[in-house]
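What follows is a set of structures to go through.
Presented sequentially are two complexes of subunit A, the first with subunit B as partner and the second with subunit C.
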Partner chain A sequence: MILYVIRRLLLAIPIAIGVTIVCFSLIHLAPGDPLSTVLPDNATPEVVEEIRAAYGFDKPLPVQYLVWLGNVVSGDFGLSIQSRRPVLGDIVPAVQNTMILAFAAVLIGFPFGTILGAIAGYSQGSLTDKVVTAISITGVSVPHYWLGMVLVVIFAVNMGALPAMGMGPGGQSDFALNWAHLRHLLLPAITLSVIPAGIIARSVRATIADVRKKDFVSTLRAKGLSPAWVFLHVAKNAAPVVLAVCGLQFAQLLGGSILVETVFSWPGTGFLMNSAIFTRDLPVLQGTILVLSLFFVVINLLVDVLQTVFDPRIRRG
Partner chain B sequence: MMSRSARQAATPAPEAPAMPQNRLVTVEDLNVRFLSRDGDVSILNGVNFTLDRGEVLCLLGESGSGKSVTLRALMRLLPGNARISGRLEVDGHDIAAMKERQLRPLRGSTVAMIFQEPMTALDPVFTIGQQITETLRAHKGLSGGAARKRALELLELVQIPNAPARLKAYPHELSGGLRQRAMIALALSCDPKLLLADEPTTALDATVQIQVLLLLRELQKELGMATVFVTHDIGVACEIADRVGVMYAGRLVEGADVGRIIKEPLHPYTSALMRSTVHAGMRGQVLDSIPGAPPDLAALPPGCAFAPRCQSARSLCVQDEPGSTSLPAGRTVRCHIHGAEAAWRTSPPLAE
Partner chain C sequence: MTKFVFDRSARHGIGRAVALTRRTLMAGVATFAIAASLPLSSAWAQDEKVLRVGMTVADVPLTTGQANQGGEGTRFIGLTLYDALINWDLSKSEEPSVLRPGLATEWSVDDDTQTVWTFKLREGVTFHDGSDFTADAVIWNLEKLLNKESPQYDASQAAQASQWFGAIASYEKIDDMTVAITTKEPDATFPYQIAGIMYSSPAQWEKLGGDWGKFAVEPSGTGPFMLDRLVPRERAELVKNPNYWDPARVPASDRLILMCMPDASTRVAALLSGQVDFIEAPSPDAVPRLKSSGMQIVTNVYPHIWPYQLSYQPDSPFLDLKVRKAANLAIDREGLSQFLGGLAVPAKGQVTEGHPWFGNPTFEITYDPEQALSLMQEAGYGPDNPLHVKLLISTSGSGQMQPLPMNEFISENLTAVGFDVEFEVFEWEALRARRRAGAMAPENEGADGLNNSWAFWDPNIGILQAAASDMTPPAGFNWGGYSNPEIDVLAKQAKVAFDPAEQNKLLGEIHSKMVDDAMWIWVVHDLNPRALGPNVKGFVQAQNWYQDLTPVYVDN
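For the complex of A and B:
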């Protein structure tokens, strides 16, 4: 078990390095000069060269990468081209805000999706199953920015019950566990939870239906165990698959949603990236993408380790 | 209410046929249909047999003959689209009429089952110990410690070496033979009166097959539970059975004591089965296989289901379905040759 965890940890290192290379090169391969937006139109070529050198953009890419990586490892993500402040100072609060939103979406979407999927898996082929499948396909297919706007129109514009944008009253961007703040959280969290709920419902349904067809379920019935007890066995068998899907969805939620955060003016990573893209603020963009990708790696690692708790066969794998 | 019914059971009405004291299973005119969108399929068509306490019955037949369905019907462990009719009595319980909730206390305690493939029949993510103790807890109400102690005794009973460690093992950590022994331990955990074994040795290696078979025979003698043993292997049947029931196309075509059926099979299908079995001393002889394939249960031919493959078939056989004929020594057979010999003889032979 511990050996498995260590091996899995070591495997995560090359993945993380790969992530840094991909996110560094993607941005440098993209067309457009990062300095063009900050430099005045009448800047002389000498000034341009000077500033390029100051940011290190004149060196070959591999060198730029290594310098950047060295800085990142020591916690220095560079300076934002726009605000000239350390990038980390922008990323940390944005990540926090996105996390708040992601956790709220998880709390709403995961139980909903799991319960819905389990009910459908247990009534495969029945009307309930068809209704649940229809709901989850709708959930997956509806564009969430559109759903966000519809919710805003209904609850904010027409009913005036919930605020349409921002994190808290008066545009503050700190969070507290009170109704004034939770009101702001509700609409974006619901909007974000719909797709993961749909995806989870579908995979839980498929997994449960699959496990219920296994021979050992007959054995459990032949042993005279109650349906609730049999469900416990089915659930533990389904857990690794469901966990993997939930982990992926959670990582995706942590990545923030550019569209939803923009619709609701939620100052998270999606919001930050959106503005960084428009201003070609490469250090901010790079830093944010890197942090989010590393979240993905870490969460996948956690899921892999958690899976072994449910399925002993993985431990040897 | 309780006492009245008990008294009734103790003193049966004189006109009713006296029920033998040691009768455990009565199956009368058992029919099982599987409903499906493309039409219903009759899997069992009027199966009759009885089983006394401590007796071993082997159901013999090819795949699809309905032997496994018969077995599963005995604890109503059939898929949701199965419909059962007929009389199905185990230890005084009317299995066919009981509600699912009433069946639960019987399953795993009065009636227990051993499955063919122990790898898939055991839950892969629970230890052997957990899977045995949960049964003990459900039926005997044993506490954690007592259940573990009993589980350990059971593993020792089925001769699993190093039992304490195996209790903590997961199914994938055991060999096929040990897994099947664990499955047997699980089935025996609550002292069943009726043990149902669905080809318990088929999925095992040949050497392990014999070990498991001998263990089962030994345990059956020692614990004395009645057993219904499903197999397609006549050798296995000879080894363990008191009586043999031969099944074909959802019917019991012949039933007799194991010694008699081997010495003198009556039904042409039974004799054909015997001839198509490999055993020692047959080297150099031509092995007879039964021509053709078992019929499609969704479209059974009129008359005897075996007639298209039967060498003795005459036109009577393809017109009328033979009923069950009772013969001396408790034998039964469903064949015109034995039930309506005169009519069979006078009926014209089948044109090729």
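For the complex of A and C:
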């Protein structure tokens, strides 16, 4: 088991380096100059060159990349072009805020999706199944920024029941477990949970339907096991697949949603990336993408390890 | 409450379930309603007058002195925390803003050289940390921007201020309350430039160990507000400076909370749901809803123009005056303004009619498709033989209003008189990069025009550097390479017209020639809408990119 984990961890290193190279290249391929938002409109060429050198953009791209990578390895993500604040100081609170939102969306979306999927899987072909399938397809298809705006219009603007934006009273981001803060969490969390709920419902439905057709289930029934016991066996056999889907969805949620966080002014990684993209703040963008990609790698690893716990065949394979 | 309901109805299975569900639901709704009615601003002292503003920026502008993020950064952070030697007078809405004394009480230029400016500093001004504002502080701040060898040199502030300090050759302290600044050449527009340079406290910077990063969190200026709390990318909380040197501008609000809300619909929803009191730039389609909810929509003209800057490169069809005039006459500006919910006024030139620099142009820019058609025919084109033009436009951007639908609207107008319009669409920063490069740059080959909104708050940006032939990028903003020898002569005279009335007259003459030459295609001036809650009082929308928030308060 430990060897398996170590091997997977080692495999994650080239993936992370690959991600940094792709991310760095894509950002530099995009049209527009990273300093264009910093420089005034009538900066003379001399001023431009001075500022370029002061920000380290005067060196060739591969050199810039290696310098950046070297700093990152030693924990220095550099300074934001816009604010000149350390990038890590912006990323850490943003990741925390996104995690709060992601956990809330998981609490809402995962049980909802699993229950819906299980019901549909057990009633395949019936009206219930069709209704559940329709709900989950809607969940997967609905653009969530649109849903977010609709929820804001209904619950914040028309009913005045929930706040339209921010993480806490007066737009504060010091999160606390009380109603004054939780009410800020409700709308974005519900909005964010809809897609994973739909995806999970569809996966659970398909997997349960598949497992139920297996011979061992017929055998269990023939032996006279109660439906509840049969369900437990079905659930255990469906678990690895569902877990993998949940893991991917969780990683996706942790990645933050640019659109949902922007609609709700939720100061997470999505909001951070949105502002970094529009202001061409390369160090912030690179740092955030790197941290998020590492999240993906780690969560995939965790899911893989958990899967082996449920299904030892994977480890042996 | 829920438990009590449960006990009383726990007699019959189905009845119990129904009662439980309905009553629990009602109880839930009641709890929800009570919770929802809790005041949102409970975090601050009840007797504090708080004003909450939704800005369009995604991060709090730089707080060290020279704010970044354009006009909005200066509006909310620059002019609240800091002052310049010369300030803008933002107290009037009915006429274009003018300059007035700030940290300097008077200034004059040496008659002989016309390059040495002497500034008499205001007595008794202190920074927020209590230290005195003196000539030493002025010199220290100029060193912060201009002298890379000085310990306080700050590249990010220098980058922001470089559009204002380009004319400065040297500076010296005359006495404790007098400084002299020498310009590289005679420049009568220098006061407009000096109005952009803000003064940070040297004592506070020393106290914080000479660290601008720490200074950003605990800044100290001389402005009417002081920073209380800064949460990057989220908000800045400013409190009243009760010792502000101008008693007329001591803030009416005790606390000003500036929140970052880049999404327009988020700002509107936040205002409608009572989370903020004042928002920047609601989208035009949200205005009827805001009005019907009792919100105040304030608008005013300000030095903004939405134009197509035209190319004068050898292959440009706009080299022909008839074509330029036809394009200007083809656009239904009234219709476009209506389409924008009335939040724009038709343009008659670069500056608004009635502006001191408007002058007396003879070419009247109006909607006259017949004349446009005949001009196009004279030039050899028509709907059957259309003239192909390529225009560079953006999907969004500061001052760009609603670029995509507006361009579609105008494209139909132009097609009707014999143009065949091709748009090349850019993301905002990419379009700005194309503008900085100039029409003569290889990447702009084949581009006949560029739709980049423009400002005219200062004569350099608005008129002189846009129209003089020696002001092609990077020296100035003459994107297309327009050249008119008469304008070049007048521009040189305006640069050394130290009497403001004389300068305005010369600028008016230049503007008249720009319009008569149909230098650009001028479309509309934005009305810069802002939405305020029903109880917000005291806001005067100046005809300026900057605004004064000191008189604004929420009347509870």
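As a working rule, the second predicted complex is superposed on the first by the 317 of 317 C-alpha atoms of A that agree within 3 Å, B and C clash if a C-alpha of one lies under 4 Å from a C-alpha of the other, contacts with A are read in each partner's own complex, and residues count from 1 in each chain.
Throughout what follows, a residue touches a chain if its C-beta (ideal position, glycine included) is under 8 Å from a C-beta of that chain, and two chains touch if they have at least 3 such contacts.
Since this is a predicted model, take the numbers as computed values, not measurements.
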item	value
Partners on subunit A (subunit B, subunit C) - clash or fit	fit
Partner chain(s) touched by A:Trp179 [first = subunit B, second = subunit C, both, neither]	second
Touched partner set for A:Pro312, first subunit B, second subunit C, both or neither	first
First (subunit B), second (subunit C), both or neither touched by A:Pro169	second
First (subunit B), second (subunit C), both or neither touched by A:Phe57	neither
Subunit B versus subunit C as contact partner of A:Ser83, first or second or both or neither	second
Comparison of subunit B and subunit C by subunit A residues contacted	C
Minimum Cα separation, subunit C to subunit B, after superposition on A (Å)	25
Residue numbers on subunit A that touch subunit C, as the complex places them	31-33, 36-45, 47-48, 50-51, 54-55, 82-86, 89-90, 94, 149, 152-153, 156-157, 159-166, 168-173, 179-180, 183, 262-265, 267, 271-272, 274-275, 278-280
Touching residues on subunit C, where the partner in the complex is subunit A	32-33, 35-36, 38, 40-44, 52, 58-60, 62, 68-69, 148, 155-156, 158-163, 166, 212-213, 216, 231-235, 257, 259-263, 265-266, 269-270, 272-275, 426-430, 432-433, 436, 460-461, 465, 474-477
Touching residues (chain side subunit A, partner subunit B) in the complex	214-216, 218-226, 229, 233, 236-237, 310-313
Subunit B residues touching subunit A - in the complex, by the definition given at the top	75, 77, 103-109, 112-113, 115, 117, 120-126, 134-135, 138-139, 170, 172, 186
